[in-house]
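Both complexes below contain chain A, partnered by chain B and then by chain C.
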Partner chain A sequence: MANVELKNLTKKYGDVVAVQNMNLKIPHNEFLVLVGPSGCGKSTTLRMIAGLEEITGGEIFIGNQLVNEKDPKDRNVSMVFQNYALYPHMTVEENLGFSLKIAKVEKKEIEQRVKEAVQILGLEELQKRKPSQLSGGQRQRVAMGRAIVRRPDAFLFDEPLSNLDAKLRTQMRTEIKKLHQNLKTTVIYVTHDQVEAMTLADRIIIMKDGYIEQIGSPIEVFNKPVNVFVATFIGSPPMNIIECDIIKKDNNLFIQVDKNTTFLCPKEKINSLENLKKVLIGIRAEDIVPLDNAITSNNANWTFEKIIDLAEPLGTETQLFFKLSNKEIISRMYNPRPVNIGENIIFQIAINKVHFFNYETEKTI
Partner chain B sequence: MMKHIKKISFWFLVLFLLILICMPGIWIFVSAFRPNPEILAKPANWIPDRWTIHQFTQMFSINGYVSVPAFKYLMNSVIISSVSTVIAITIGMMGGYAFARFNFKGKNKIFLGLMLARAVPGISLSLPLFILFAKIGIINTSFGVILVYVAMNVPFTIWLTDGFFRQIPKEMSEVARTDGCTRFQAFWNVELPLAGPGIGAAAIFAFLLSWNEYALASIITRTVHSKTLPIGMMDYLDEFTINWAGMCAIAVVMIIPALILTFIVQKHLVSGLTFGGVKG
Partner chain C sequence: MNRKFFSSPAILLLPSILAIGFVIIIPLIFSFYTSFTSYKLTRPDSLFNFVGFRNYERLIDNAKFWAAFGRTILFLAVVLNLELLFGLGIALLINKITWGQRTLRTIMMFPMMFSPILVGFQWKYIFNDNIGLLNNFLYLFGYESAIPWLIDKYLAMGSIMVAEIWANTSIFAILLLAGLLGIPRDPIEAARVDGCNSWQVFKNITLPFLMPFIFIALTIRSLDVGRAYDIVHIMTGGGPAMRTELLWTMIARIGYKDANMGFANAMSYVSIILSIAFTYYFFTKLVAARRELGQQ
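So, the complex of A and B:
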């Protein structure tokens, strides 16, 4: 039952800045996901909140209390590590009850709370086993159980699913989501996997090189990325980014994608693009629609024809690869039909689905 | 067929080497139980004509006559070796933990220094030690010997336990600390039990090193007050005669505990070196 707040949080290792001036308010019961490429400072942030890493600058509040000087044991947060870090010399039961035993909770109560966690996570059969006798998924459950038993103010997860195989990962993802809905606590979850971030988060923080790039709901960061980095990081396959020239002709502003592909600049962007020579445009694969299954819309469309270099059927969709302005572009064809390499396909893009980024700063226009 | 011959000749070779290596040990055991003249017989007499425990009864003054106060030496050895081991392993464990877990200035240099200290031949320290100990008045005391053995064993135990602690992922103590432990509680409840077999092995190594040490003890122990078994063995060396049987008997007294501990250490070392399931 606590909100978490970071003020100007900074961490340096010598000259290496791991986290830079991070400001963040996490309300009670929020599922917050920190996502970003490896080395961007996610773990460091989490470990500072847990008290395992000294803070170079800034402040951390948990439940409105300044915890900068507090030991991990006094912060009442639980952490789940990527390698689970179960106590190998203790049984599942002992692992779960360890924190309570240390806190000198009465034996009866320990049993009660361990039993609760065991039931929530379906560990009944495994109570007497040692961690070495458990599968990856089971260890993951025990690690979560150990965190639950303490009834912490906040759960901290550091890439808890990355050691699991793909199928189990999807399954555990759902379980974590359910768990959060049942327990109603603050969760701060670190991952480098944007799919995990999108599916789990109430709010996503996208980090790069120790900085926060964007904070927002999954839909927000997907639909309105603030820059090229976020646009290409969130979503799979990554957003197509194409370098374009801006040309004026007959009092109209055109975006020239390549020699024979241009489209009319949308009205609302004219002001900001008028004085620029170049612009980056971003288009998601699913917004590049083959004409034969294009949905007619009221929006202005941009239509062009291309030769297909490669087609990858995935069942529900087929990914089509072609070249635009010498860049490899991915498009998604839903309700697919067989496509031959070398075939000409007419694509249509709704102009309001095109993202514009400043050529120099890569910020969204 | 060739395969069989190869195998058999291989085992013969092994057996031969084994006998060769064990020969001195066997000779000591056999000789401890027979009279002196028989030991000196030529050609060598491998199976004693007459078995006797005379040397042992004398040594432990069972029939009143004490040739060499072996019991006192045994006690000295036990006390000196155990006390120095307990101290060395305690210090070594803390040092090893610090080296494995903390970053501090000059860490690598200090570690290198400790290892270099091990490279100094002990005997070269004997004269300085003798003079120093004589000056401060701890020559010929158990305390002095313990001090030397602790100094001798600490770098070694630090080196061993450092390795054992390194094998335990640091998340282990971190998760314990978020589970409500102080640093010490995390060490005590989680890291120590996990490193336990390794530390036990290191302790036995340290014990054996002290138990068998001769060079330094021969300089700083002078009387029955502080002499250990290896030094006591020299009591059988008289001006004109050597009581080989007595020497062998006291050697047997020395070897048996060492042998038992070696067996234990073997078992522990294996489990100590192959931590199961720590990686999770």
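So, the complex of A and C:
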């Protein structure tokens, strides 16, 4: 039961910077997800909080206590590892009770707490088994149970679902979410999977090359990405990013996507785009809608016609692929009808859903 | 019947059957047979002098044999335990080193590169009471009375043990180091987060992971030490007054020096029981340790 705070946290391996000046306050009971591509420093950050990795610079506070110099064992955090990291020579029961045994907790109390964890995670049948006799999902459950019994100040999850198959992953995701709601503890969760991040997090931190790119609620980072990296990282399929020229004609500002496709610049962006020559626009697949099943909006919409290169029916939707300015664009067709390759389709884009990014800095305009 | 005997599997297996027959089975049967004769190396005709169980009966009453038997067990127990202890220590230390590990691993293996006979000679001169390095060294520190390392009945045994341990501790170190390098990092980190200090991590995680390697090393070394002959022969020749006599130095003396091969072979067969017992014990332990880790 504690908040966690990072101040100017830095980690360097020789000259290579893994984490750079990270500042972060995690209030008690928050579910925080660190997400980013591999090598972005998210796992390193987590391991520094756990005490498994030495800190190059900065400070870590757990429950308002400076823990920089403390051993992992004195930090009262639990960690769930990607490879489960169960003790292979101990039964499920012994795995669960191990930390309590080390802490010299009374036997009765250990039994009680192990029993609780076993019930929460549905491991009743497996108590006497060894890890080698368990399936991947069961092992992951034991690993979580081992974290629960300690009643730690904070849970640290290091890509806990990466080794599970897709179906089990979804199921365990829900369980982790429920667990957090029941236990009311601070959770710091590392993943490279943006879907996990979106579904689990109270707050998401998107990292790249050791820096924090954006912090915000899942909806915030989805709707208002601060730059192209966040925009393309969050959301599936990734946001379509198109390079455009800005053209002035008859006192009007136009955005030219390619020779045949030019859109009128929305009024509220004129001021910021006027002096630029190029701009990157970002549109999510669900915001490029075929005209015949378009959601009507009050805004003036952009409309254009394109030949379909490929259609992927998914049941609830069909993903349509076509070329715009030589870039492959994905559109989502809800209430799908059969689409032929080579068919001409008129698309509509709701202007208020278009993201504008500076061509050089890739930051949101 | 005929067709079965010359079937292709039988023909393909024939070379190995012949090889095993000539190399192992025939000598085994022959030596076992001689243990029931009064075969003397100097009198080949005594090979057919069948005496039944007399050699074995003599053996059971032979106090010197059982003394050597007990001494061998003591030798095994002390040497194996100390080698395990030192080997484990060295392996743990080398495993901690990040820079120069390879070089150290090679240096560590130097004692293994010498023939046991040469090791015996070298230690014989170190332990020599008059011209030995050790006594001279002690003399420098003011210890003036020469210690009879290889002559005193207790010291002589200890001196041989020192030489044996010096020469072979690295086998333990290497095997255990291999084990240490193979331990996954995650359970150790999990244990550290779970509240273990270094000793608790070692006791609860590292050691169980190492157990199979420890028992493999013990099995190999128990066979090795159990047949110790060369180093003892060189350093003390079984003396003083047969007080460092181990099983195989005794058997060799009776078999070759006294030319009493039938009796020596009977002793060998009893001695082998010791090796089999040790091997069997360590092997069951090994299997149990592996099962413990869920590896089997």
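Just so it is clear, the second predicted complex is superposed on the first by the 365 of 365 C-alpha atoms of A that agree within 3 Å, B and C clash if a C-alpha of one lies under 4 Å from a C-alpha of the other, contacts with A are read in each partner's own complex, and residues count from 1 in each chain.
Assume contacts are C-beta pairs under 8 Å (C-beta built on N, C-alpha and C of every residue); 3 or more make two chains touch, one makes a residue touch a chain.
Model, not experiment: these values are computed from the prediction.
Following the overlay on chain A, a clash is recorded for the pair chain B and chain C.
By the document's definition of touching, both partners, chain B and chain C, reach A:D71. Once chain A of one complex is fitted onto chain A of the other, the partner contacts of A:R146 extend to both chain B and chain C. Of the two partner chains placed by the overlay, chain B and chain C both lie in contact with A:I102. In the superposition on chain A, contact of A:V228 is made with neither chain B nor chain C.
Contacts of A:A50 after superposition on the shared chain: both chain B and chain C are touched.
In the superposition on chain A, contact is made by A:S132 with both chain B and chain C. Legend: residue contacts after superposition of the two complexes on their common chain; A:A85 is shown touching both chain B and chain C. On chain A, the surface patch touched by chain B in one complex and by chain C in the other comprises residues 50-52, 71-73, 75, 77-79, 81, 83-89, 98-99, 102-103, 130-132, 146, 150, 156. Residues of chain C touching chain A in their complex: 184, 186-187, 189-197, 200, 204-205, 208-209, 292-295. The residues of chain A lying in touch with chain B in their complex are 47, 50-52, 71-73, 75, 77-79, 81, 83-89, 98-99, 102-103, 130-132, 139, 146, 150, 156.
Every residue of chain A that touches chain C in the complex is listed here, in rising order: 50-52, 71-73, 75, 77-79, 81, 83-89, 98-99, 102-103, 130-133, 146, 150, 156.
Remark: chain B residues 169, 171-172, 174-182, 185, 189-190, 193-194, 275-280 touch chain A in the complex.
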